[in-house]
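In the two complexes that follow, chain A is the common piece, with chain B as its partner first and chain C second.
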Partner chain A sequence: MTKPRVAFFDFSSCEGCQLQVVNLEEALLDVLALVDIVEFREAMKESSTEYDIAIIEGSITRPIDVERIKKIRERASILIAMGACAHLGGVQRMSNQWTGEENKAEVYKRHPGSETTKGDSNPYFAQPRHRAVDEIVKVDATIPGCPIDTAEFGRVLVALLQGKKLPIPDYPVCVECKKNENICVFETGGFCMGPIARAGCGAPCPTHGGECEACRGYVDHPHTQAHNEVLKKYGLTPEQIMNRKTMYTYRYVEEAKGGE
Partner chain B sequence: MGLFGKKEKAPAKQPAPVAAPGGRTVNINVEHLTRVEGHGNIVLNAKDGKIEKVQWQVSEAPRFFESFVRGRPYNELSHITSRICGICSIGHSLASLKATEAAMGIQTTEQTEILRRLAIHAENLQSHVLHVGYLVAPDLLGAPSVVPLASSHTGAVLKIVGLHRLANEFSNLTCGRTVHPVSLIPGGFSHIPSEKQLKAMKQKWVDAIPDVVAVAEIVLANAHKLPNFTRETEFIALTADDEYAIYDGDIGSTDGGRWPVAEYEGITNEFVVPHSTAKYTKHKRDSYMVGALARFNLNYDKLGPLSKEWAGKFGLKPVNHNPFMNNVAQLVEIVHSIEDTITQIDKLLEKGVNVNERPKFEVKAGRGVGAVDVPRGILFHDYTYNDKGVITKANCIIPTNQNHNNINLDFQAFAPTIIDKPEKEIELLLEMLVRAYDPCISCSTHYLDIKWKR
Partner chain C sequence: MKILSKDNFHAFVDTLIQEGSMNIEGVKAKGEKFVFGPLDSAKELRLDYDVTILSPKKYFLPQFETMMAFDSTGVKKPAPAKKKVIIGVHPYDIMAIMQMDKYFFDTNVDDAYLEKRKNATIIGLIPKNVSEKAFFGNMSQLFDSQPELAYDLMLADLGDKFAVMVGSERGKALLEKAQNVAEATPEEAQKVQQLQKDVQQKATRNLKASPRGWHDLLAANYSSPVWKEQGDKCLGCGTCTLVCPTCFCYDVKDEVNLDLTSGARIRTWDGCLLRDFTKVAPGEIFREKIEDRYRHRFNRKGQYLPEMLGFVACVGCGRCSSQCIPDIADPVELFNKLAEGGMVPEGPAFELPIKADLAAIPDTTNLYIPRSATLKRVEKVTKTETFFEIQLDDGQPLGHQPGQFVEVSIMGIGEAPISVSSAPGGNTFEMVVRNVGDVTSKLHGLKAGDKIGIRGPFGTGFDFEALKGKNLLFVAGGLGIVPMRSLINQVLNNRADYGKVQILYGCKEPCELLFADEIKSWPDKGAEHLLTVDKCPEGECWEGNIGVVGTLVPKVQFVPQDTMAIVVGPPIFYRFVIADLKKIGVPEENIIVSLERRMKCGVGKCGHCQMNGIYVCKEGPVFNLADLKDIPEAF
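On to the complex of A and B.
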């Protein structure tokens, strides 16, 4: 049996999810026994336009990026969105609160030479809006997280090759947090997205004294009303609530408003 | 696939070979250079043995961090800006926290200062092992990537993978996670490793030294394949009186001078040139270089004995102006980070670890600059907060952006010396030059002006 050919492609991202794949360490050699990695720019020089599975990291930003993802989609039998940028648009999606021109002005205007960034005449700077991959092309599977969980990446890949249902949980982070025997973040005066965020990460943030920021998005049917009640009970202001809900999950805010 | 095509050469722009003496026509357009983080292209056009154009282009999409952080509360900042770069996420978090702490006048304890040094060592080890082991070694051993090396050099690859895994374990221990740290927070830590865990980690690094030496021996045996290319330039890095500066210090230059980090804008002087997509920086000369070689050149005398011994074996002495030696400087820093990790953990164990220490401070308005020398070089975060602790203005100057200008000038000096070689070899050598800088283009937040290759 020939091994499926896998190619990684990165768009707007920190490329930390590709690093998480490298972080499989010795297990990466086991992955190579199952698939042929034909393109993995962060770790390999080899490249190919022939592949069966395309794994996409990053949000889709400009018209030239849209063209590129469409071409990748045409060539791939299976297309996987890997990480929060591909899944939700990433933290950079917060920039959609402003227009592209406003963002460019804030970042570039203070420096000499910024004229070239204005408008759409330069395609590198044309119409920058950060969107998830499935808003542009069909996505067959999503591996959530910022960054992705290395072990989960392995589980998803194996399930995919075996034609099984993807082992991505549909219960909230609270379940895994409780299993770690943590004191509830709300009890310690923090602000947690755990009750509505999708588990699968093993709750590393609350386990290390942090708060869940919902980088993996929400479960399929999030109890947002109940969550809001909890937030109010612990005295959080609507402003604080909105802030956290625009960090990784601004996509949902945009969708609730009926798109941009 | 057009501009963003994968490694497809510029189509059919091959003029008939010119028979001029010693002259040759070369067109190289390596799009999306592999084995560096981020999006970069190399363009080289030569006609009749004369170079018409040599250029290092950056095509990464802008993400607008400095714009969209406006309005965010101070306690989110390091988590958001860590996402500038997955591979330097600990360094970005620390530069971010130092900027916030400077803005609000937050003091940190000695324990925090030591633990943060361990965190930056963990990242330095992870990043340098990845670069030297996975990305540079294949060039030196004549392989396209680490994948074929796994069967041809199995023992060495397993040692490299083992060191990479240990560095990640170290990051997990100090930061709660290796990519995008969790427990680094304003003023200190939200989770602190126990003495027992630290003792075990120290022992693991002591035991790892023979593997580091074995990998270093392989690089040493192939170091003659690193081109002997020199172009004099200025090196900028953090520098300190009492340590090999990585986490803290003043800004230093090999051309002389020392400045507090708050005066960084006088060093970086960002500017735009018409032939580049990235903002360039320069100080006293046409360009400067940051990274492991810059730190080595400025701070050599603060290295530990084993690090100096390995520098000596490679004949690496300050001030070295061969950018390819950045790979060797990284190797020396791997040894240094292990040596200093052992020293720092001993220091912590001697004074005792307080796992319950948590920061206390008041939120204040103000502006602050934080600098850390991350694996790829000196990094600045500059934040202004209002009295509610909400950020109103941000500036981030990233190591790779500071190197773009130097890379481009290196290209212009290096390309003529190799133009008579076969096209494949020129391509490899130019790629190796870029890779020597270990550029992380995804973290370079600004790109300006494009000149299109036709």
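On to the complex of A and C.
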């Protein structure tokens, strides 16, 4: 059996998900026994236009990104969206809610005394629209998370090669939090997206004293109303609730608006 | 009753830890809460705790548990874990363990659970502090006297010393490792009694509906608006079931290593509040509405398990209440809400639970490891269905009844419940499988000579003895013909034993018709039949009826009161066909159906196939319609 050829491509992102793949370390050798990696900018200098599986990191932002992702799609038989940027549009997507001028002011003119005109020459502020990969081209598999979970990367790869359904759960992070015997974030005075966020990560953030920010997106049928009531009960204002929902998941806010 | 100073008790625990032959687990602090965990020193023990985040259930049914490991050489059970001592288990959690014993030892002994139970020594503790939401004091009203609890040793805190009660030979032997054990004085025994009384008092809340009446209260309130009101607030996060010491449902998943050949079959906690709990491979979800799932949890605890096993599956620990963020999981508040309707039933006392005699339960059972089998014949019969003839490698016949099913196992992929399609007898058996999920899709790629795993046969099939002498009307929709064929062939092989045999069979399109060659032989074997398709696309050839299966019913002559109708098809099909049959006067008790549910374990443990109080994998999949009258979740 010839090994499938895999290529990694990055778009608007921090490249942290690719770094997670490099972080597989010894397990990366097992991965290399299963597939041939033909392009992986973060780990090798070779590149290729011939591949079977394209793994995409990053959101699609500029017109040239759209052209590039379409070309990659044409060449790949399987296209995987890897990480929150490719899956949802990333944290950068929250800038979609403001105009180009507002974003520019936020970045370059926010702090009195250190305003600069640097941003004025940047054409992309005019139309900052970050999108997920599946809003541009067909995506065959998604590995959610910011960053991705290395174990899940392995599970997805195995499932694809075995022809199984993707092992991405459709239950909330609370399930994994409880199995870890954590004290609920709400009980410690925090606020958590866990009750509507998709599990599969093993709840590392609440387990290590953080809050779930729903970087993996929501479950298929989130109980958003009940969750909003809980956030309210624990003291968040409607504005603060909205801030929670724009960090990683502004995509859903846009989709809900579009659906109105 | 013995007495041990606290210093000597700590020395005793430290001795056990230092010996190293057993894992010593006990209650420790985690932030401002408490958990059971491994002890490095007796100093870590927090025997003043009120309640732990998770119950000791995790020691017997762990969050994640390797049921078997597999590689290219075969399948292996994991080696038994090291023996454990668990220190500080409160009586309500011991009661929960006794309920688990009953559940996992009932009918089919769960060997994975049994091994862990046999390996653990339980040191109980009468609580001093009680959590705000606990109501185990109320739950003791279930019985007329105190049940005998399944502990090895039980501690009671008397200030600078512990009173120690011995509950088993194993406990007695363990206590021999302690130094300076004295006999308790009558005053000390008196103090322990007072402590027990005080704690019952502290753990009694304002519960208006006695737990003895929960069963009837739930039965009367099945359609109460309370379920929707509460369900609207529910996050569907599963917390209440996960933290519950008497929620036993689990899922099983295969995890495969990057070599694509080795891996493990893992059992992990699941919960009926989660949306995909009842989801089957074709995508159907049988309890989709959150209010139905919310109700199911209470019904299972207060109505279904009491009917099945004789206990209310709640011990009053209060974990669900204190960990539910929208604050809707509290049984006290829920039952008080239901009691507001004015009905406060008071049932008889429950039978005292019995301590399981662990030593008497043989650990020779093997509930989950599949038997190896070989595919003898593989034939693709339609675009989506393939026929398989299978032989068990141990040479034994399957020994099934018509209508039963097996769990087909492919290591690394998983298990799927599949109906047996051949009549009983013979050294091989047959299945026809639609390609809908991971296991079935893999199965479709296999060829004669390939190996699979089989567990079963499982469930209750068609009672072909009881059908003898009767007129039979078979009504099959789509894949319903597959399990039905096992009965049809049994009847036709013994044709003289039965009255009139009429078979109505319909599928969507002519290309989906199964067993076409066999159908041709039915007239010679003494069966009348009519076929139908929902539609016949252009270019395909079809001589039979066009329309849904129900349209065939008026076309055959039979006496409704004098005919047994055997009806098998997809969920939507039942609603129509059953209504058609009832309309022309077929009595309910003359209608037999076979239902599809998520039969994950096949042995009545995992909970996924439950509809109301019935485990379809055990009591079904074949049912007499009259027995489903009070099972609204059936259709």
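We adopt the following convention: the second predicted complex is superposed on the first by the 230 of 260 C-alpha atoms of A that agree within 3 Å, B and C clash if a C-alpha of one lies under 4 Å from a C-alpha of the other, contacts with A are read in each partner's own complex, and residues count from 1 in each chain.
The rule is simple: a contact is a pair of C-beta atoms (placed from the backbone, for glycine too) under 8 Å apart; a residue touches a chain by one contact, two chains touch by 3 or more.
Small disclaimer: the values here were computed from a predicted structure and weren't measured.
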Contacts of A:121 with chain B and chain C, given as first, second, both or neither: neither
Touching partner for A:2 - first (chain B), second (chain C), both, neither: neither
Contacts of A:154 with chain B and chain C, given as first, second, both or neither: second
Comparison of chain B and chain C by chain A residues contacted: B
Residues of chain B touching chain A in the complex: 1-4, 6-7, 32, 34-39, 59-70, 72-73, 76, 79-80, 83-87, 89, 130, 134-135, 138, 144-147, 150, 158, 161-162, 164-165, 168, 176-180, 182-183, 185, 189-191, 270-274, 277, 279, 431, 442-443, 445-450
In the complex with chain B, residue positions of chain A that touch it: 10-20, 22-23, 25-26, 28-29, 32, 37, 39, 41-49, 61-62, 64-65, 67-68, 71, 90-92, 94-95, 97-98, 102-104, 106-108, 111-114, 116-117, 122-125, 128, 130, 146-147, 204-205, 207-210, 213, 240, 243, 247
Complex interface listing, chain C residues touching chain A: 30-33, 35, 53-54, 58, 63-64, 232-239, 242-243, 253, 255-260, 268-269, 271, 274-276, 290, 323, 325-326, 412-413, 437-438, 441-442
List of chain A residues in touch with chain C within their complex: 27, 30-31, 33-34, 154-155, 157-158, 161-165, 167, 170-172, 174-175, 178-179, 181-184, 186, 188, 194-196, 219-221, 223, 225-227, 229-230, 233
